[in-house]
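Got a structure for you, written out below as structure tokens; questions coming shortly.
As written, the chain order gives the labels A, B, C and D, with residue 1 at the start of each chain.
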Amino acid sequence: MIIVTKPEATEEQLQHLLDRIKEAGLKAEVSRGAQRTVVGVIGAEDVIREMPLAAIPGVESVTPVLKPYKLVAREFRGQTGVVKIGDVAVGGKEVVIMSGPCSVESRAQIVGIGREIAKAGARILRGGAFKPRTSPYSFQGLGVDGLKLLAEARAETGLPIITEVMDPRDLESIEQYADCLQVGARNMQNFSLLKEVGRSKLPVMLKRGMSATIKDLLMSAEYILSEGNFNVLLCERGIRTFETATRNTLDLNAVPVLQAETHLPVVVDPTHGIGLREHVTSMALAAVACGADAIMCEVHDSPENAKSDGEQALLPHEFEDLVQRVKKVAEAVGRTV
Amino acid sequence: MIIVTKPEATEEQLQHLLDRIKEAGLKAEVSRGAQRTVVGVIGAEDVIREMPLAAIPGVESVTPVLKPYKLVAREFRGQTGVVKIGDVAVGGKEVVIMSGPCSVESRAQIVGIGREIAKAGARILRGGAFKPRTSPYSFQGLGVDGLKLLAEARAETGLPIITEVMDPRDLESIEQYADCLQVGARNMQNFSLLKEVGRSKLPVMLKRGMSATIKDLLMSAEYILSEGNFNVLLCERGIRTFETATRNTLDLNAVPVLQAETHLPVVVDPTHGIGLREHVTSMALAAVACGADAIMCEVHDSPENAKSDGEQALLPHEFEDLVQRVKKVAEAVGRTV
Amino acid sequence: MIIVTKPEATEEQLQHLLDRIKEAGLKAEVSRGAQRTVVGVIGAEDVIREMPLAAIPGVESVTPVLKPYKLVAREFRGQTGVVKIGDVAVGGKEVVIMSGPCSVESRAQIVGIGREIAKAGARILRGGAFKPRTSPYSFQGLGVDGLKLLAEARAETGLPIITEVMDPRDLESIEQYADCLQVGARNMQNFSLLKEVGRSKLPVMLKRGMSATIKDLLMSAEYILSEGNFNVLLCERGIRTFETATRNTLDLNAVPVLQAETHLPVVVDPTHGIGLREHVTSMALAAVACGADAIMCEVHDSPENAKSDGEQALLPHEFEDLVQRVKKVAEAVGRTV
Amino acid sequence: MIIVTKPEATEEQLQHLLDRIKEAGLKAEVSRGAQRTVVGVIGAEDVIREMPLAAIPGVESVTPVLKPYKLVAREFRGQTGVVKIGDVAVGGKEVVIMSGPCSVESRAQIVGIGREIAKAGARILRGGAFKPRTSPYSFQGLGVDGLKLLAEARAETGLPIITEVMDPRDLESIEQYADCLQVGARNMQNFSLLKEVGRSKLPVMLKRGMSATIKDLLMSAEYILSEGNFNVLLCERGIRTFETATRNTLDLNAVPVLQAETHLPVVVDPTHGIGLREHVTSMALAAVACGADAIMCEVHDSPENAKSDGEQALLPHEFEDLVQRVKKVAEAVGRTV
């Protein structure tokens, strides 16, 4: 922790600051410059991270030296971990492709799409049963019935399934059916939910919030790990910027930055990220090129009849093409599909 | 709904689009330009709002004509409504001042601060018992004990209390103590929670999410009203932008825009909005000048010992000064304090 | 300057860093923590501000202690300065109102509007002769003819005039007619232009760029002052965010922050800031409440025939109302109009 | 153009709107809904694009149907064009690599780096002689002397050179030495400069501004083409968002979107885009995977001594590695290097 005082700070204020640091059991080193005094705090930063040092009169700024996360830090493990969803390993040499419709709509739909994407090369089936929708008047998902249909699709295709949990009260029933839990972008800082999935035995894919910094995303993951669940995937799915030509701004910069900061595998969702069907494949290729461990993209057999997000869903044959092209780029960067 | 086709759209694609509109029971008017065809859809827009028309081949863009919200729309009521918190009316001529510490920390603290702000002119006492914190290692609030202390402070000061609900499972106990529920910025799109508070008998203050557009905020409020609870306040508390000199960017533009769009009263939180203690008062004055119905700001009697957000809390005497200055500006714009 | 090393930094790397600091004639204080070493650099920070210390192997981060601007810093003067435009003082007790059309269109238009706003209380007349337009096919301004018309309007109304300079090559002719130069948001980092207006004898109003931080704005002003021209006004006119309900996001937080950081007076342009005619007055009131030294807003006698920005221009009678309301708020905060 | 009226619009207001459209020589089609009337304008949209229709009383919104740009539109040419810089073609099958230091610093430096990058596979040499710097106290470039050194480096290496022009008055001397002009992000809306380079015989690389939408970028390019210069490259170099872990947010979404919208080749600058040396290569790979026609990245032989941007420059051997890896990804997407 580095504390800089204001030019007009008094000796008394400085002394009070030093007393507070000492009280907390830490050591301070004082460097007096011509205009400001700099106080370096030596020792375990967490002890005083929670102290509102900037509220002490005479203090101009407080800059932490250490990262605020521990369990998610790459240093904790030293390399990318592998998270298993069913029997599929994410975080190894294989770039895993997750796919499926936005929402589960019917048995025929989810089983049909599941079969097509399995044949094309998908390894994990996604499908929403509980849907977070901007409007209360929009389709809210089939709920538990949707979960059952997902389980049937798994039985038919052999693909493990991932589905979203929005409410801690739904967790128990979702756990009966799913192989992986998804926490959506809008719930990335729903801390009650994070704690709850942190106590689950299932792996969790945590999506980055629309205005979440990379640090925020890591802190939210830290919530899950701190409850004991280390099987966490982080998913970049686009942030909100001033650009309106795309639905969101898929922030691929986050991929290498996350991989340097954490041991958790990184998934990229180009579908929500760019939100334009014709460009989903381009962004999937880019994601793999810069190091994504998995790709999640939405497929629908009849987008114009989809109950949600039809505008951005790929048709099955477009998805097949995506997989073929992703395979080539994966090989070019030393991975497989 | 206005649909524009692509330059290369075929007659067949256009016909298919018209068939879909007709199937939905609506009428289409077709205007053929040199480069694009424009299709205007006449009739109840909600019928097809959920149809992914942009997924139909040949469609370039779909622009809604009507607003996606109904119950929150100003047209629904024609004027600003009044929401009562205890016996305090928000949305009338009086600009209501809500204040208190970020977190409830002890009986002495909440009762002490409560008394000081009541004397200075605050009408409602705030204080967090369940705290959404970025880090799992930060103080998470006193929970139900905090609620009880709030109730004691109400008994001592006569001020009705507002406190945050983060988890639907906590709602029942919070309802026993609180006069108004707060849904925080990070839960603005926690739709399960919105539905739950929509079924409560208590008024709800909904804070704008850090990356929520004004439309998003209104849609989230629509969730609450659609469950039957019309006693909703909207709170502008700063959005996330590229600017780092301030903690958030308090978006006062939202105040007049919201007041033109909705009948719900508008609260402004300058404390989180700018995040710098020395400038909270300036932003409170600005908020009142542009029409805010209420102001919420944080006060602490010993900011450097606060368990959360001490850096931005006003001291009681600074708050007193704020109230005096707010009063003058309120009068200048035809309101009272 | 505070330098933090990487956990894996070697002693050799640290020594190399210390050598570089010593070479520059500065002193380093080293604090060794368990995980990182912190190096505080004592002495004139500017000497090494330009050294890319972060490029030195083993360095994790470099944090400056001192502000990168000098001449614009409040400490340089100790109080808000007064800048005179013609005989009107900006930065004193009076909140100065600048107004006029977006573009000069004809003699009748600029003289007519000039008279109306003068009567209503404006103190300075604005009008664009050289117009920065997003499209090359839009009206680009009347150029020198527009300047002549502005001068005629000044003769008729007695109001000093402010007009935009876009190109260093136009400066000489603009200086013959104008009382104050405006550098527009799109040219805020056109450093050639900044140097040129820094050599002018006229005062300069520098508008904040759409993605400029407050620090960027101050650094651009520093360019002007460093060439010898200290008569600079800073203008907040809205930044670009994700919000689309308003044209820009008028960032009023910048007003108190700038006033704490610099001695330069602060102008607010609510017209471009919110971009919605019906809400310009609300934002003007807010700007004055939080401390703006001047307000600039656009007026047109026939907005629907305006050659630029008609959508956001006030009618003369709306402007008259704005001035009356601004006057009341100004008095409430101890200023005059 | 589609115009929607307000619910409270009168018949008289509607008639006035229709009269204005008719006066402009266009045809209007009126669709009356229950709550709003929609007016579709048929005919050449440019005729009324400049009319401030939204300023007409009773109008709620105005939505253009056609794109505001013409010459840059993909439809104008039907395919990606090829722009030649010296004898190097950008926009064909080859992904062109441009590289060099941020600033030209000395003969030894620019010739030395030029030789290393040429050997590694770069096809074009970059180097700044006129530097746009945030601070007036930073190194501002060697000016004309820098241009001469660039010309010497071209003679030694055979690589054509690209360098930035900041001021219309410098253009003539830059044209004597350069093979391609660069307009920097901060000058993307310096319309005087755009017109000037539009009259040059040299190709121009236009960098996207930090807060420029894709549409803004295309409109700025339209300025250049409208003056007769069709040899324009567009460069994505990162936008400004709330994320602070990276210097900018490289927006790769812009690559496929631009390629669908325009015939101009697209360059990506991963160096400024992410601003972190260790991640430049990852972003270069991603850029090529999603379709970039060229990559620009900065190389320095002694980053810690660089006069600008040393923190983000690659060492020559890192650049060599980048080229080898880019080559593989280029091949995977059917391109060459």
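Methods note: a residue touches a chain if its C-beta (ideal position, glycine included) is under 8 Å from a C-beta of that chain, and two chains touch if they have at least 3 such contacts.
What you are looking at is a predicted structure, and each value in this text was computed from that prediction instead of being measured.
Interface comparison, B-C versus B-D: the pair with the greater number of contacting C-beta pairs is B-C. When each chain is reduced to the average of its Cα atoms, A sits farthest from subunit C.
Looking across A-B, C-D or B-D, the interface that copies A-C in more than half of its residue contact pairs is found at B-D.
If you average the CA atoms of subunit C and of subunit D, the two centres end up 26 Å from each other. Centre-to-centre separation between subunit B and subunit C, using Cα means, comes to 31 Å. Averaged Cα coordinates give subunit B a centre that lies 38 Å from the centre of subunit D.
Within subunit C, residues 211, 239-242, 244 each touch two or more of the remaining chains.
If you check the complex, the residues on subunit B that touch subunit C are 211, 213-215, 239, 241-246, 249-257, 260, 273-274, 276, 278-279, 282-283, 285-291, 325, 328-329, 331-333. By the touch rule above, subunit C contacts subunit D in their complex via residues 20, 46, 49-56, 68, 132-139, 166-169, 186-187, 189-192, 195, 209-211, 216, 219, 222-223, 226, 239-240, 277, 303-307, 309-311, 313.
On the subunit C side of its complex with subunit A, the touching residues are 2, 4, 7, 29, 31-36, 38, 40, 42-43, 63, 65-66, 75, 240-242, 244.
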